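Next, two complexes with chain A in common: one pairs it with chain B, the other with chain C.
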Partner chain A sequence: MIKRQRRLWTIGFISIPLVVYTIIVVAPLFYSFFYSLTDWNGLSSDFNFVGFKNFAKVFSDPLFANAIKNTVIWTVVAITAPTLAGLTLALILREGIRGANIYKSLFYLPIALSLAVIGQIWIWIYQPRWGLLNVALEAIGLESATRAWLADPQTALISVIAAWSWQQVGLSMVIFLAGLTSISPELTEAAQIDGANYWQSLRYVIIPLLRPASIVVVALAVINSLKSFDIVFTMTKGGPFHSSDTLAMFMYNESFKKYYMGYGSAIAVVLFLIALVVIALYFRQVKAVEQLYD
Partner chain B sequence: MTESLDSAQQPTPEKRKKRNWGAMALLYVVLTAIVIVYSMPGIGVLITSVKTNEEIAKDGLWSLPEEFRLSNYQEAWTNGNLKTYTINSILVTIPGAFASIALGLLLGYVFSKLPFRGSNALFIFVVAGMFYPPQIVLIPLFRLFNAVGLYDTLWPMIIVHTAFGIPICTLIMRNFFATVPNALREAAIIDGANEGQILRKIMLPLSLPALAVLATLQFTWIWNDFLWPLIFTQSDSVRTIMIGIVAMRGQYSVAWGVQGAMSVIASLPTLLIFIFLQRYFIRGLTLGSVKG
Partner chain C sequence: MKTHRLVTFVAMVILLSLALSACTAPVAPAPADGGQQASEPAEELSVTAMHYFSGTLGRGALADIFKSFQEANPGITVFDNPIGHEDFKTTILVMLAGGDPPDIFSYWAGARVQFIVDSDRLAPIDDLWDENNLDEVVPASLAAGATVYNDQRYLIPFGYHYVGMFYNPKVMADAGVTEFPTTWDELITLADTLQAAGVKPFALGSMNRWPAQFWFDYLLLRTAGPEYRSKLMAGEASYTDPEVQRVMEMWKELVDKGYFVDDANAYDWTDAADQVANGEAAMTLMGTWITGYWNTNELTPGEDYDFFIFPTIEEGVPMAALGPVDGWVLAKDAKHPNAARKLLAYLITDTQSQGDWAIAQGALSPNVNVDPSIYNDVMQNALAAVDSADTFTFNYDLATTPPMAEGGLDMFAQFMNDPSGYMDYLEQTQAVAEDVFAQ
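This part shows the complex of A and B:
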């Protein structure tokens, strides 16, 4: 009796959330597979099946290869620069510094900002004539290094990634600080008593214990790289000459600017497969970490 | 049980030995220098927003203003549709945050306190949605909302934010309920309460701190969103604020001060949350990631 009642309540509790999640998040995935086999143009109601033509195009399209290359560059920068900066700041701020909370807040602040706003702010920084970057370069006598950062195909991508990293530093710092608070001070003290200097205790005690936090930071960086769209859209729209196209940006342009929805769906499917690999690797790592610390 | 949520900023342990005074001073100088450089973009937008066009043309973006003017804010707020965008963002953000948290609460509660066969697999299936690049489903959702006649209204954003918020809300609520002792539930059952009453009268009041964490997170994400309104709206009257300020940029392409003011106005709600509820916000970021 009670068991049956409990089952009814359970069904009642989970049905609405699961229905919403399935309709909006899960089912469309299958439709993406479906559309990727068509030549749908997004506007007309009918379309033809074209088999795997769109996928053949994906793998022969130099612009797709370009978007993949840019996304890989983005990912490589994302898992190194903001991660190391966040780790360094977390280690410094852990050292019982007075006013640490104010410093922390200032580094966290960009997380609360929209990437659309961050893009806007950094457009000013890169502004050729009186943008902060060129002004600063001139001030230290490096006029030759000044340029139109976002209009130059050689620097557009890295400039957008730098703007994005500004926010990402705060995020990795949050996670590393959380990871550091879970390391008992006795451990580092014990290492010091055994004669280890700061760098040795960092290398052999703290860094290994930060493994779970590092996995989370790296996984987030990879996933956020795959998602990178808002800031690209606001700063360069993928240009000039596709030099800052990411996979997400390229998919948007093909689907919603050119209305090649069939082709766009094929790109979405490839994006999904990449995300799937990342998610699988992440959950495997998390499992390994949990086993390690149980 | 609230212990884990209330200790948002754990003090660093007081165990430091006396250390080299010079090294410490150097550390402060370096750290302060880093903070100043790091804050420059934010400082720059604030300065720009209180300068006139003439001042900017004469001295550039980064010089200090001659006097503190709010005329750019006035201009941004009264000319153009910033007011409409703001109202639209509120109309999307509040229901979207509320619904995603309510649905996540239900799922998280079941996964923690009413497990059934296969519920763990289902939990992973739901939480995996956190890692999902939304581009994967843009086209089908675009078609869906067109087909049901909701394209170019605020509804698609509310619905999509509700659904895409379920993974993080479920994760945080499940981890929260895992810290609530089962004895509470059992005692209530013996007293004759049904599951609905237990959830409403016992669990809901207990979970207020976790709900506050989620409220700050969801509000911030939804308010700052850019992608969904870009896909699902067309008319100016249904634009949300982040899309709106990017659209208005064309109109004010050389009025840097007004652009700055628009950015500040658009960021104000999430900044206020960040300033006053930072504890919850940061707690949410760590809970949502570290325990994933």
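This part shows the complex of A and C:
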């Protein structure tokens, strides 16, 4: 009887957020599916069903291929650069150097800033005339390397990714630090007693034990790069001429600049499916790790 | 078993809330007046106005105008809702599609208003136009192009701008320039003189693409002429036509000769304005809003800046003036259409407000009863330039349909990055045009 009442309460409490979630998350998702089959312009109350025409267009659109390419580049950099930098920082800070807490706060600070603010800061850094980067390059005699970073289609994308990674480093550092504290010192001591040097204990003890943390870091990096929009919007709007378009930016331009809402919805659906695959892979990994530790 | 029931329950809740949200989804909004049409129009005590004149673009001046409207119409409150320029474009779209728009909102006359009219989200205002005798208030040349869509009136013009070659008189004087070009050859000579004096002739900040469009616009208007340009804007001519190729070749010649400040795509239009103001460059092709920017930076009109009309290139081609018209439109789903109409009429007919607005924004008033002596010398000359022109045309991104404008603006930025590939860019742009105008 008590158990039954308890269940009723549980159901009651779950249903409230579930209803809200459905209305604001699940329903729009279905609308996107629906609109992706239409030629809706985002404004008119009438539109036509065009079947899978939008999806056919997605896969033949060179701008989509370009956005995919840029998102892949973004993801590859996101998985490697900030992850390795964050790991390095975490390992250094763990050694108990003086003022470690100050460094931790400093490296973590960018996380507290919104990506729009970070974008603005880096716009200044990249400013071609008095921006920090070009001024610094000139100061060390590398004048030939100076350029208009965000205006040059060769460098725009990588410059935006660098700015984004700057924030991401702090995040992966914190997660790795948390992971490191959960590693019992006895294990590394045991390794030392067995005669392992620092690199060996890192390679065979610490890194394998950091696997749960690594999965979180990599998964976050992938998911964040799939939805990368705000910093691109602030810094380049996908330009110059689409050289820094990501999938999300491309979707926005098609929907809200060109008013191809049906087509934009089709891009959203494709993006959703990609994210779904990534998340499925993530859960599989997490499950594998859990089984390992059980 | 237990989990199975839970799953069923979750699925049911989701279905139920989906159904709920579908009910409230604004697919076909009911007319705002509902069944009350027949009875006396209810007295409306408020009107909501949304606009992109935020921050330095005139927010304060507009707030004052709304205040004076409230004083003239006691009992009606204006809810002022300014939104940043870029955010405005998406916000208004979502509000209109959702059937819950502001009563009136600011918009750019031309293809953008056409798009909302075609999507059936605006209410025509022919009656308001006639009641207030606006044919006597708004110059015919402006009214024809900016206010009429599908043979009906939809827009109240609020202010307009003129695009001219704005220059720094001191730089010109230092380089020994006393006369300003009226032909293409004279413009080239001027550029050579300036370059010899160590000054970049042209500043351009095309980071946000649109500032580059004025070069394309004027070169095309002065060579192929306004009629051909209208055809191109409507998809009836091709971007690979010899007329357009010629424009790109002329433009390329200017870039190749080093007349433009380097890295145009790295700067915004305000950076270009600064480069002219500080003497690094001599001139920039820009709209009259640049005077508003310079005035806020305490530059003196006529002394620190002035302009000349983009020169004739091909004799016998009608002289076109170029620029955008800002206006107000009435939403079809407006909840307070009567109060909104009063406000719309006030915004164009009240000469005091019209004058204040023009001064605050560095714009020209579309109301002929505004005394031109309120303008500074430069703006008076801009007004004269518009008056002397054979026709007034909208700049590229307002003259052609939005998806086409995106393709064209990309081309301009691409061109400023590397003009040598212009033929490829034209072919790409034509491919966009074929896609856009086929729909």
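We adopt the following convention: the second predicted complex is superposed on the first by the 289 of 294 C-alpha atoms of A that agree within 3 Å, B and C clash if a C-alpha of one lies under 4 Å from a C-alpha of the other, contacts with A are read in each partner's own complex, and residues count from 1 in each chain.
Operating definition for what follows: a contact is a pair of C-beta atoms (placed from the backbone, for glycine too) under 8 Å apart; a residue touches a chain by one contact, two chains touch by 3 or more.
This one's a predicted model, so the numbers in the text were calculated from it and none came from an experiment.
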Touching partner for A:Ile2 - first (chain B), second (chain C), both, neither: first
Partner chain(s) touched by A:Ile23 [first = chain B, second = chain C, both, neither]: both
Partner chain in contact with A:Gly42 - chain B first, chain C second, else both or neither: both
Partner chain(s) touched by A:Pro153 [first = chain B, second = chain C, both, neither]: second
Partner chain(s) touched by A:Pro240 [first = chain B, second = chain C, both, neither]: second
Touched chain A residues, chain B compared with chain C: B
Chain B versus chain C as contact partner of A:Val174, first or second or both or neither: first
Chain B versus chain C as contact partner of A:Tyr282, first or second or both or neither: first
First (chain B), second (chain C), both or neither touched by A:Phe55: neither
Overlap of chain C and chain B interfaces on chain A (superposed complexes): 14, 18, 23, 27, 31, 42, 127, 256
Complex contact set, residues of chain B against chain A: 9-10, 12-16, 27-28, 31, 34-35, 38-42, 44-45, 48, 60-62, 103-104, 106-107, 109-110, 114, 116, 122, 124, 126, 128-129, 131-144, 159-160, 162-164, 166-167, 170, 189, 194-196, 199, 220, 223-227, 230-231, 242-243, 245-246, 249, 256, 259, 263, 266-267, 270-271, 273-274, 278, 281-282, 285-286, 289-290, 292
Residues of chain C that touch chain A when the two form their complex: 9-10, 13-14, 16-18, 20-22, 25, 27-29, 89-90, 93, 96-97, 115-116, 118-121, 207-209, 263-266, 402-403, 406, 410-411, 413-414, 417, 439
List of chain A residues in touch with chain B within their complex: 2, 5-7, 9-10, 12-14, 16-18, 20-21, 23-25, 27-29, 31-32, 35, 42, 89, 92, 94-97, 100-101, 103, 105-118, 120-122, 124-125, 127, 129-132, 135, 166, 169, 171, 174-175, 178-179, 181, 185, 189, 212-213, 216, 219-220, 223, 226-227, 229-230, 233-234, 247-248, 251-252, 255-256, 261, 264-265, 267-269, 271-272, 275, 278-279, 282-283, 286
Residues of chain A that touch chain C when the two form their complex: 11, 14-15, 18-19, 22-23, 26-27, 30-31, 39, 41-45, 127-128, 148, 150-153, 237, 239-242, 253, 256-260
